[in-house]
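Next up, some structures in C-alpha cells.
The two complexes that follow have chain A in common; it is paired with chain B in the first and with chain C in the second.
Right, the complex of A and B next:
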C-alpha cells in the first residue's frame, strides 16, 4: 500500500515540477517578447518622430512619407501615429490621418482586418476608426456579424467614429447576441457617434428593443441635449417598468427641463422604488415645484434616507419659497431624522460659504 | 511503544494527508474560478473609458471614510491622493480617532481646515465627537476629531457624518489608484442587490510614489516584503476571486472597501470591540441581508486599486498576523450557525466551512502535522523516502499555487514592469515555502493559543508612512 502511495507521490512530484518549469518558461517568454516589442517601438519612435514633425510642419506629401517606411515597420508606425491622432485636432489631425489613408497602409490594415486572429482585427479596426477611413465602412459592417465580442466592439466603435449612422440599428441588434456585453460598452460605442445619430435612434426608441438599449439611447439623447426626443422619452417613461430606464428618462427630462413631462413625473414622487422617488424629486425641483411644494416637503419625513436627502437638497437649492420651512424643521427637536437631515443640508450650505 | 499509540500516530499522518488533499482540491477549484472571473472582468471593462461613462450614468455619490490613529507620517500623502481621485461626486471624511501624535496638526497645516458646526445624521454607536472641520481649499474634505475608540468606532463616527449613499472605507496608510472609485462603484450600479464591494490590495513598499500616487510599481529590496507580495497575489487573485464566483466572500479588506450606506446603518454599523471588524461586518451582512433577499451580493473587483504599506520587520508582521488570525476566529465563532447551513447557499456549504477548516484551523493541522510527522520519522513509522517525497509534494504544491498567482497577475494586469521584478517574484514564490510559510503558520498557531487562553486584544503595528518608504 505504502509502496503504491510512494509511487503516486513521485509521479505527482514529477508532474508538479514539469508544471512549474513550463509555467515559468511560458511567462518569462511572454515577458521577453513584450519587452522586445517595446524596445523596438521606442527605437522606431526615436528614429521617426522627428520625421513626422517635419512632415507636419512642411506639409509634406503623405505618399512620399509612407514610401520611406519599410512595410515590416507599418505596425510600429501606426502605433506612433496613434499618439498624434489622439492629441491633434483640425488640419494637423487630417494630415496624420492622410498617412493612414495611403494605399500601402490601408491595404495593410485591410489585410489584418480579414485575419482570423482577433488581436489583428481589433487593432486594424481601431486604426480605421481613429483615422475615420470611410472607405473601410463596408468591410467593418460585415465584421459586425462576428461571434467575437472584442471584434464586435472594435468594429462597432470604428463605425461610430466614422459616423456610419445607417448601421446604428444593426449595431443594437447585434449587441443583443453578446451575453457579456455590458450596458457601459454599448453606451461607449454610441458615444462615438455625432449628434446626427439621434434621429435614427429616436425611431428605434419607439420600437421593440430591449430596455438596456433604450436606456443607452436616452443617455445619448441626454449627452446631446436632443430636445426633439423629449415627447418620445416621456412616452417611454409612461410605458416602462424598468427602473434603470425610468431613472434615465427622468434625468433626461430634468437636464433639458421638459416642463410638459410634469404630469408623468409627478406621480413618481410616490414610486415604491426610492431611487425613482429621488430622481422625481430632483426633476420636479428643476421643472418647477408649483403646487407640489408641500408634497416634496413631506418627503423630508420619508423612511428612506436618500429620499429625505433629495428633498432637503432640492428645497434648499430649487424651491426658495420652502426654505423658511426647512429652517424651522432644522430647529424642531421633535422630528429627529428630518431635523438632522435639514441641519446637515443647511450646514453644508454654510460650509460652502466658509470655503 | 504500544501498538495503539503507533496506530494513532499513523492515523493522524493519514488524516493530515487527507486534509492536504482536500485543501489541494479546493485551491484548484478556486484557481479555475478565479481565472474565469478575471478574464470575464477584463472583457467587461477593457474597452471602455469609465470616467466618460460615469459622467453620463446614474452614478451614486460616495463618501470616503478614513479612520486615522497616529498617522502623522503618512496622512498628508494619503489625503492628497484621495482628493485627486476621479469620480463625479465624492467627499472625504477623515476621522481622527484621538491620535496622540501630530495627525490633526498636519491636516491643519496642509489643508487649511477650520472648525464648523455640523449635525451628524445617524446615531451609530461611537465615542463623542469633539469637533468637525472643513478644508478651506477642498470643500469636499471633512475632518472629524473624536475621542479614541478604535477603528470600528471611528468608522461609525464617520458614517454618522458622511452624507452620500455609498460609503468607502479606506485605511489612512493606503494609496488608491485614481480610477478606483469608478471601478468599485460599478458593481453597485450594475446590480441593486450588491451591498458591499471589496477591492484588490497591492503592496506599496518599494514603489515610487509621487504626489500620493503610485507612479512606478517596483518590488521592495526586502525579502520579507517580497514574500508578502506573493501572499497578497495569492489571497486576492485566487482566494477572494474564486470565492467571489460563488458569492461566498467572508472578508473584504479594511484597506479599501465600499458599502451601501443604508445597509451599513441597518446592521448598526461596525461592531465596536471586535478583533477583526472587517470580517465580522461582512459575515453579519451576509446573515442579515441574505435572509431578506437571497440574491444579496457581496462582491470583489480583481483590479489592483489600492496600495498599502505592509510590515517590514518580523516583529510587526507577527503582530499583524496574530491579529488577523484572532479576527478570523472571532468572526467565525460569532457566526458559527452559518457553518454547513444550506439557507446561505454556497456561503454556508463551502465558503464558511473553507474559512473554518482551512483558514482558522489550518495552522493547528499544519503545526501538529509537522510534529507528528517528525515523531513518525524518528520512530520509523514511515520510511525516510516517503517522508521526503511527501514533504516535496507539499512544498511543490505551494510553489505551483504561488507561481500561478504571479502568472495570473502577469497575463491580466502586468503591474511589475521590470523583467527582473518578475523573476524575483518567481524566486520569492519558491523561497517562501522554506521557512517563511512555516513561520507564519507558527504565529497563527500562537494566535489560536492566545485566543483560546482569552488574550484577544490587538497588537501594535509600526507605522512608517509612504514618504519614508522611498
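Right, the complex of A and C next:
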C-alpha cells in the first residue's frame, strides 16, 4: 500500500516538474518571440523612416510609395505609420492616412477585418479608424453585430473616429448585448466622435436606455460643454434614483453653470447619500449660493468628512460672503473637526497664493 | 532663416514624436539639443543658451512646469521663450503654464506647419 502511495507521489512530482519546465520554455519562447518582433520592427523603421519623411516633405505619390513596400511587411509599415498618425494633424496626417487608403493596404486591412481571429479584426479596425477610412464604414457597421466584445469595441471606436453619427443608436443598442461593457468603455467609444454626435444622443437620453448609458451620454455632454442638453439633463436628474447618474448630472450642471437647475439641485444638499450631497454643495457654489449660504455653512458641521470638506472648499472658493465666518471657525480654539478642515483649506489657499 | 543657426533645446520622452520633431527642426535648419527626460534640461539650458525651449509637460524625473519655474528663476535664462507641448487639453494645466511664463502651448497631436510657424513667431523669424 505504502509502495503504491509513494509511486503516486513520485508520479505527481514528475508531472509537476514537467509542467513547470514547459511553462519556463513557453515564457522563454514568448520573450524571444517578442524580442524578435521588436528587432524586426526597429530594422524596418531604420530602413523606411527616412523614406516616409521624404514622402512627407516632397509630397510624394502614395501609390508609388506603397508599391515599394513588400506585402509581407505591411504590418510593420502600419505600426510605423501609427506613430505618425498619433502625433500629427493637418496636411501631414492626411498624407500618412493617404498611404493607408491605398488599395493594397486597404485590401490587406479588409481581409484581416473579415478574419475569424479576434486580434486581426481588432488591429484592422484600429487602423481603419485611425486613418479615418470612410469607405470601410459599411463593413465596420456589419461587424457591430459580432458576439465578441473586443471586436465590437474596436469597430464601434473606428466608426466614431470616422464620425459615423448615424450608427450611434445602433452602437448603444448593440452595447446592451455585452454585459461586461462598462460605462467607461462606452464613453471611450463615444468620445472619439466629434461634437455633432450630441444631437442624436440628446434624443436617446430621454428614451428607455440603461442608466449606465445615460451616464456616459451626460459625461460626454459635459466634456463637449453641450449647453442644449441642459434642460433634458435636469429632467433626467429629477427622474432618476441611480446615484452614479445623479452625480454625473450634477457635474454637468456645475460645469456649464446651468442656473435654471437650482430648484432641482438645492434639495440634494440634504440627500441621504453623502456623495450626492458633496456634488450638490459644489454645484450650488458654482451656480450661486444666494439664500443657501447658511445652509452650506451648516454643512461644515456635517457628520461626514467629505461633506464638511466640500463645504469648506466651496465657501473658500465660491462664496466670498461666508469666508469671514470660515476664518472664524479656523481660528476657533476648540478641537472640532470643522476647525481642522477650515484651517487645512485656508492654509492650502495661502500656499497657492504664495507659491 | 538667419545666417547664424538658431538653437533650440527640445525635451520630449516620446520616441516617435521626438523623431518627427527632430526631423522637422533639422529640415528648418535649427541646431537642436534633445533631452529624453526632464532630468538635465535646466543644466542643458544653462550650458547651451538656446534661443528657444520646446518641452513636453509630462516627462520622467522632472516635469515641464518645474523646468519652466527653475528657468524663470535664473536671471541668465529667464528671457528664453519656452513652448510647451502637451497632450493634456485641460484648461487649468494650460493656465498654469501660461501663468508661470510659458510663451506658447501646443497641443498634441499637432501639425508640423503649425509647430514651425509658432516656433518662428517666438524667434521673430519671418
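In this text, the second predicted complex is superposed on the first by the 351 of 355 C-alpha atoms of A that agree within 3 Å, B and C clash if a C-alpha of one lies under 4 Å from a C-alpha of the other, contacts with A are read in each partner's own complex, and residues count from 1 in each chain.
Methods note: contacts are C-beta pairs under 8 Å (C-beta built on N, C-alpha and C of every residue); 3 or more make two chains touch, one makes a residue touch a chain.
Only a predicted model underlies this, so the values are computations on that prediction, with no experimental measurement involved.
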Touch test for A:93: chain B only (first), chain C only (second), both, or neither?
second
Spot which of chain B and chain C makes contact with more residues of chain A, would you?
B
In the superposed arrangement, which partner chain does A:83 touch: chain B (first), chain C (second), both, or neither?
second
Under the stated touch criterion, which partner chain does A:12 make contact with: chain B (first), chain C (second), both, or neither?
first
Do chain B and chain C land on any of the same chain A residues, and which?
none
Report the residues of chain A in contact with chain C in the complex, numbered from low to high.
49, 53, 56-57, 83-84, 86-93
Given the complex, residues on chain A that touch chain B span 2, 5-6, 9-10, 12-13, 16-17, 19-20, 23-24, 26-28, 30-32, 34-35, 149-150, 153-154, 157, 180, 182-185, 187-188, 191, 219, 222-223, 243-244, 247-248, 251, 275, 279, 304-306, 309, 337, 340-341, 343-344, 347-348, 350-352, 354-355
Complex contacts: residues of chain C adjacent to chain A
14, 16-17, 19-20, 23, 27, 108-114
So in the complex, the part of chain B that touches chain A is made up of which residues?
40, 43-50, 52-53, 56-58, 114, 116-122, 134-136, 139, 163, 165, 186, 190, 192, 261-262, 265, 382-383, 385-386, 389-390, 392-393, 396-397, 399-400, 403-404, 406-407, 410-411, 414, 419, 422-423, 426
